[in-house]
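A, B, C and D are the chain letters, set down in written order, and residue numbers restart from 1 in every chain.
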Amino acid sequence: MTILIDENTKVIVQGITGRDGSFHAKGMRDYGTKIVGGVTPSKGGQDLEGIPVFNTVRDAVDQTGANASVIYVPPLFAVDAIYEAVDAGLDVVVCITEGIPVLDMLSVYHYIQHKKVVLIGGNCPGIISPGKCKIGIMPGNIHKEGRVGVISRSGTLTYEVVNSLTQAGLGQSTVIGIGGDPVKGINYIELLKRFQADEFTDTIVLLGEIGGSDEEAAAAYIKQYITKPVYSFIAGKTAPEGKRMGHAGAIIAGGKGLAVDKIRILEEAGVHVLDRPDIMGNVIRGGQ
Amino acid sequence: MKIHEYQAKDIFEQYGIPVTKGRMARTAQEAKIIAEELGSTVVVKAQVHVGGRGKAGGVKIAHNPDETYSIAQTILGLEIKGLPVKKILVAEAVEIAKEFYVGITLDLSVKKIVFLVSKAGGVDIEEVAATQPEQIIKVYIDPLLGLQPFQKRQMAYALFSKKDHIHQAMDIFEKLYRVFCGLDCSLAEINPLVITPTGTETSTLLALDAKVVFDDNGLIRHPELEALRDMDVIEEEDEVEARNNGLTFIKLDGEIGCIVNGAGLAMATMDIIKLFGGEPANFLDVGGSSNPNKIVKAFQIILKNKKIKAVFINIFGGITRCDDIANGLLEAHKQMDIHVPVVIRLAGTNEEKARTILNSAHFSAYASMEEAVTQVVELAKRGQA
Amino acid sequence: MKIHEYQAKDIFEQYGIPVTKGRMARTAQEAKIIAEELGSTVVVKAQVHVGGRGKAGGVKIAHNPDETYSIAQTILGLEIKGLPVKKILVAEAVEIAKEFYVGITLDLSVKKIVFLVSKAGGVDIEEVAATQPEQIIKVYIDPLLGLQPFQKRQMAYALFSKKDHIHQAMDIFEKLYRVFCGLDCSLAEINPLVITPTGTETSTLLALDAKVVFDDNGLIRHPELEALRDMDVIEEEDEVEARNNGLTFIKLDGEIGCIVNGAGLAMATMDIIKLFGGEPANFLDVGGSSNPNKIVKAFQIILKNKKIKAVFINIFGGITRCDDIANGLLEAHKQMDIHVPVVIRLAGTNEEKARTILNSAHFSAYASMEEAVTQVVELAKRGQA
Amino acid sequence: MTILIDENTKVIVQGITGRDGSFHAKGMRDYGTKIVGGVTPSKGGQDLEGIPVFNTVRDAVDQTGANASVIYVPPLFAVDAIYEAVDAGLDVVVCITEGIPVLDMLSVYHYIQHKKVVLIGGNCPGIISPGKCKIGIMPGNIHKEGRVGVISRSGTLTYEVVNSLTQAGLGQSTVIGIGGDPVKGINYIELLKRFQADEFTDTIVLLGEIGGSDEEAAAAYIKQYITKPVYSFIAGKTAPEGKRMGHAGAIIAGGKGLAVDKIRILEEAGVHVLDRPDIMGNVIRGGQ
C-alpha cells in the first residue's frame, strides 16, 4: 500500500505546456497516474495529447475533481503556483522546480503550517507509489510494489537506492524525495510518522546528506517513536567543508552538518547506516 | 554569492545605512589618490573572501597619502589564507567609542529570518557565540509579518542607552533588513557597528565593516548583482566557468574526474570512489536538465586538471535523459582529445536509447555502480603507475 | 467616510487606474467650460452620497457645451433621496462594448479582504448578489500574504478572454488593491469597469465610475484625506461638528435629547426611552475620555434641535469619570441658556465626587435608570402639552 | 471562580506612563490586581508609584514573571503592542485602545489564530474576575464575586447590567467585554465554551448590539452546545438603518445585523432576551 497518494489520486500538472511539464505529464500518464488536467495561464481550452489544459488551478479542480498537483514552472513563479494549489484545496502538492529563492520558501513554509495540504519539495523528484501513482520525475520502471518506505533529500541518489532495492527483490510502499533545499514542505519526521503508522510498510529507508540538521532531528524522532527497522545512507563523507555541493542545503558551515556526525547520531538512534547506497537492497534482504 | 566589503558598503549607502567614506583601489597609486581625496587618516583593508584579514596584516592605518601608498603596496603583495590580495579598500579612519555587532541571517531550524546583535562587536562573532552565547541577542522575524517596530526597540534598547543612538540603531536595523529581504541575502552583517566618541561633534552610529552574502537562488531576481561577482578570484575560475554553463563544479585533490547528475549522487559517487581506494578529483553535478553541451563543457573543465588519470561518468536518469548524456559524450570526443580513460555508468530515463547511441560509436556503459567504480579506480591507478 | 465619485477618480488616477477624463463643477457655467475643454460628448453626473442617481435623473449625456450647460443646470436643481445636488462631475463619454463589476471590501465573517468581480457590471451589484449570486466571483485575500498573482489571474480569466484585457485587468486589480490597503478603505469599487469597442483604436479597459469609502479608524494614518470630506452635505452638519469635538451624534425624530457615554449604553438608553413611551431626539456618545468641554459641546449641538422637550444625561463611568461630566454640566449651564428640563443619571467611576459637585450647585442625579427614564419621559410629555 | 484570569495573574501595563495607562494602572492595583510592571519605551528604569517601568515587554516579562498585559497606547501603536505582547509569550492580552484601523486588526487576527495567547479587544473595557483580578477600565466596585458569567460587546452597557446583577444579589464569576470593533480577538463563542466548562459559572449573560453577525453565530453555538441558562439584551432596537452608532461594528447595512433579527435568533436558541438591560439582575433572580 501507500501513504499520501494511491491509485485514486487525481493529478493536475501546473506548467503542463512547458518542456519538462509536458514531457513528464506524458511520462506520469504512461506510468498509470491519473493525470486529469494541466494548467498554463492563457492556454486554457487547449489540450496536451488529450489532457485538458486550464487557465487556473481552480478551473482545473472544479472541472476534473483533482486532489493533487505537480509543479513544473520556473523558480520565480513556483511560489505563486504553490499558493494557487493550496488555495484550490488540494491535498498533495509536489513542487519539482529547482532554484526557488529561500526567502520565498520561508513564507510558503509558514503559510502552509496550519493548512491541510502536504507540500513535497521544491527541488525534489516527487513521490511514487509503485504500480499505483507516480507524481514527479523519477524513472518509474526501476520501482516495484512492496513494503519498503523510502524518504530522501536527494533525487538521483534515491533512484540508485530504489534500483538496488528492486534488484534485491524488495518493492517499495511509497518513495518520497523531499527535496534538497534548506526550506521545504514536508520533512523526514512527518513522513517517518506516516510510515510508522502505515500497515503496509515494514522497513524504512532514510537517505540523507551533509548540511543542515534534518537528519539529526529525524534521528531523535526515530529513537523515540519508530519501532520499524530504519536503514540509511548519508552522502558527502568526502565533501570538503565550506563548499556548496550543488544543493543549497548541502553545505557544511562551521563544523555543523558533517556526514560523520549525522551517521553517528543516526546509529545511536538504532539506524543501520550503510557506507554506500548501491548495496541497500542486499543489506536489507540479508537483515530480514 | 559572496561580495567584498567595498561592494557591500556601496549597497549599504544606497539603502541609507551610514558608512565611512572610501573607495576600492587595485594599485598603490590609486590608493594614494583616494587618501588625498579623503584628506584624513585612512584605513587600508584587503578585499578577500576570507575572514581574519586583520591578523594576517591585511588591515592597516595610514596617516597620509605617502604612507597609504607604501601600506597599499605591502597589502597588495599579501596572500591571505592562500588568496592573493588584488583589491584594497581605502576608507577614512574614525575614532571609536564602542563597537557592536549586527547581523541578519536565516535560522533554518525554525525557518525564520533572525537578527543577531551584540555588545561584543569588532571581534569574531562565531567565537562569541561559542564562548559567551548570552552576549548575543537573537530576534526572530516571522516571514509573513516582517520586522516589527517592537523588535527594533528590543534590540536598540539592549545595545544602547542614549536616545539618539537608539533611534539611529532602529533606523539601521530597518534598513539592513531591507537590504536582506530586498536583495535576497543569506547574510547581511555590520561588524563592527560603532559609536563615535562624544566630542565637539555629535556622537553617531557608523558601519565600519560590511558583509553581504546573496542567496544563489535569489540572484535570478536581481540580475544586476551578477556584476558584483569577483572574477579575479583565481581559485574559483573553473567554478565560475562551470556555473556559467549550468554546472556545479568544485575542485578536489584526487585523480578521478567525476561527471554525475544530482548533488546527492555526486557526493555518494565521491564517497564510493574513496571507499574503493580511489580519490575523486572533483565534484561535478550536471544538474537536472539534460543538454548534451553540458557534457562537452564538463569535460573541458575537468580535463584542465592535469592530475586526472581517469574520468567517471555516473548518471541515473530522471529529469536527466541518458540519451542526452550519451550524445554529449560523443560530441565531447569529437571536439577534444580526451587523453584519459572514461568509465561510463548509465541507468534510468532513456537508458536503452543511450546504450544504442554509445554502442553504435563503439562505447559501452556499465549498469552497476560497483563494477564501474572498481574499473575506474583500477584505471586511475594504472595511469598513475 | 464616504467620498464622491470625482474624488475617487482622482485617487484612481494617482494610482494608475485608467479613468475617463473629467472634472467636478459646482455651477452650470463651470460645467460648460469643462465640456469645452474635453471637446467631446460628455456625461454629467450628480455627486451625492446615495445610490440610484441614474434613475433619479442625476446622470445625463450632453453632446455639446451648450447642452452641457442646460443639463448641468437641471441636475444642480435636483434633490436625490432628499439630498440637494451641489456638485456634478463632467466627464468624457465613451463608447462601451461591455460592462463589468470590480469591488474590494472586507468580509468580516472570515476576517479577510475580499474581491468581488462580475460580468454583470453597471447594475446594482447588491441586486445581482441577491438574485444571481453565481454571477459574482469572490476571491479572498489572506491579510498576512496579500494579493497574489494567481488570484489576479483567477479573476481576469473569469471576466475577460482577450490577452490585452486580461493583462490590463490584472494591473487594475493590483492597483485597486493598493488603493484599498494603502488608504485604509472599507470599500473600493469600479462599477462599471468597461471595455471600449474594438474599432480603429485598441479596445481598452476603463473605470467609468469610482466609489471609495474609508475606514474611519484608518483616517488617523492619512490626515490628508480629511480634505476630501464633503462639508456641503447639509444633513450631516451637526454630525460633523460633533465629530470634530470627539462626539458621535446622530439626529433622530423624537423630543428627548440624549447625552450618554458609550455606544452600547447610548443605544440601550434610546431603546428604554422608547419602551417607556418617549421618543429619543438623538444618539449621542460622549466617548471614552471625559473632558468637561465635551458636555458643553454636546448641549450646544443637541439644543439646536427645536423639537427637544427634555434632555437625559445617562452616564455609567468607567474610563469616563462622573465628576468630569458633572463639571461639564455646570459649565454648560454657565455658558448657555438651557431652556428645557435636564434629567441626570450617574453611576460608576467617581460617582460620589460627581454628586458632591452637583449638589453644591443644587442639582441632583438619579442612580436608577428606571426612575430617571420615567422622569424624563414624563417631563418631555409635559413640555409638549 | 473564574475563567482566563485569577488572583495569581501577574499583569503588566503597556503604555503605563500615559494619562489613561497610569490612571488605570493605579485603579487596577487598588482593586487588588497584581500589577507587576509597566512598559513605556525610553522610560525603562523609572517607576509609577512603585510599579517598575521597562522599555520592552520582553524585559518586563523576564524581570517580573508577568503572564498577562493590558494595552493603553494610541491606535497606530496598538497593533505593535499586541505583537510585542504575543511575542513575549503572554497568556492573556487585553487591548483597551479604541480606534485601531481595521486592516491592522485583520493581520493581528490571523497572526494569533494558532498562538496560545487569548487577545481581548481592542476597543474593549477588559476582563474582571470580581474580588480577584481586574484588567481593564471597568469600575471595580459595582462587581461582586458570584456565579454569573457575562460576555459583552459594549463597555458601559456591561456596567449597567453588572450593576443590576450585583444589586439583585447576584455576583459574577468573570465579566469580559470583548469590544465593539468588527475585527477583534476573542469572540462570544470561545467564551461561551469556557463558561459552559467552568464549574463555577451557573448562568451566562450575553450582551449584544446591532451590526455584524456575531450574536447570530453565538446563538447557533448556544443551541448546539450550551446547557446553562443564557440571558441576553441586544441594544439598538430603535437605531435607524445605515447609521454608524459609535462602534465601528454597530452599523446596520443592507438589512443585516438588525436587533429584531438577532433577538429572534437568540430566542429560537433558547436564550431569554430582555427588552431592557437594567432589570437583568431581578429577572435572573426571579428565573432561578
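The criterion applied here is as follows: contacts are C-beta pairs under 8 Å (C-beta built on N, C-alpha and C of every residue); 3 or more make two chains touch, one makes a residue touch a chain.
This structure is a prediction, so every number in the text was calculated from the model and none was measured.
K.L.:
Touching both subunit B and subunit C: give me those chains, sorted by label.
P.N.:
Both subunit B and subunit C are touched by A, D, going by the contact rule given at the top.
K.L.:
Which chains, if any, touch subunit A and subunit C both?
P.N.:
Chains that touch both subunit A and subunit C, as defined above, are B, D.
K.L.:
Measuring between Cα centroids, what's the chain most distant from subunit A?
P.N.:
Looking at centroid distances, C is the chain farthest away.
K.L.:
Any idea whether B-D or C-D has more C-beta pairs in contact?
P.N.:
C-D
K.L.:
Rounded to a whole Å, what is the gap between the Cα centroids of subunit B and subunit D?
P.N.:
The answer is 54 Å.
K.L.:
Roughly how many whole angstrom separate the Cα centroids of subunit A and subunit D?
P.N.:
Each chain reduced to its C-alpha mean, subunit A and subunit D end up 47 Å apart.
K.L.:
How far is the middle of subunit A from the middle of subunit B, if each middle is the mean of its Cα atoms, in Å?
P.N.:
28
K.L.:
At which residue positions does subunit A touch at least two other chains?
P.N.:
107, 111
K.L.:
Mind pulling the subunit C residues that touch 2 or more other chains?
P.N.:
142, 144-145
K.L.:
Which of line, ring, star, complete or other matches the graph of chains that touch?
P.N.:
complete
K.L.:
Please output the residues of subunit C touching subunit A within their complex, sorted ascending.
P.N.:
So the residues of subunit C touching subunit A come out as 142, 144-145, 148-151, 153-154, 157, 163, 166.
K.L.:
Where on subunit A does subunit D make contact in their complex?
P.N.:
113-114
K.L.:
For subunit B, which residues count as touching subunit C in their complex?
P.N.:
Listed in rising order, the residues of subunit B that touch subunit C are 144-145.
K.L.:
Which residues of subunit D touch subunit C in the complex?
P.N.:
20, 24, 75-76, 96, 98-103, 106-107, 109-111, 125, 137-139, 142, 152-160, 163, 180-183, 207, 209-210, 212-213, 233, 235-240, 243-248, 250, 254, 275-279
K.L.:
Name, in rising order, each residue of subunit C that touches subunit D in their complex.
P.N.:
Spelled out, the residues of subunit C in touch with subunit D are 106, 108-109, 111-113, 126, 142-144, 181, 184, 186, 215-218, 220-221, 248, 250, 252, 260-268, 270-275, 280, 283, 285, 287-289, 315-320, 347-349, 368-370.
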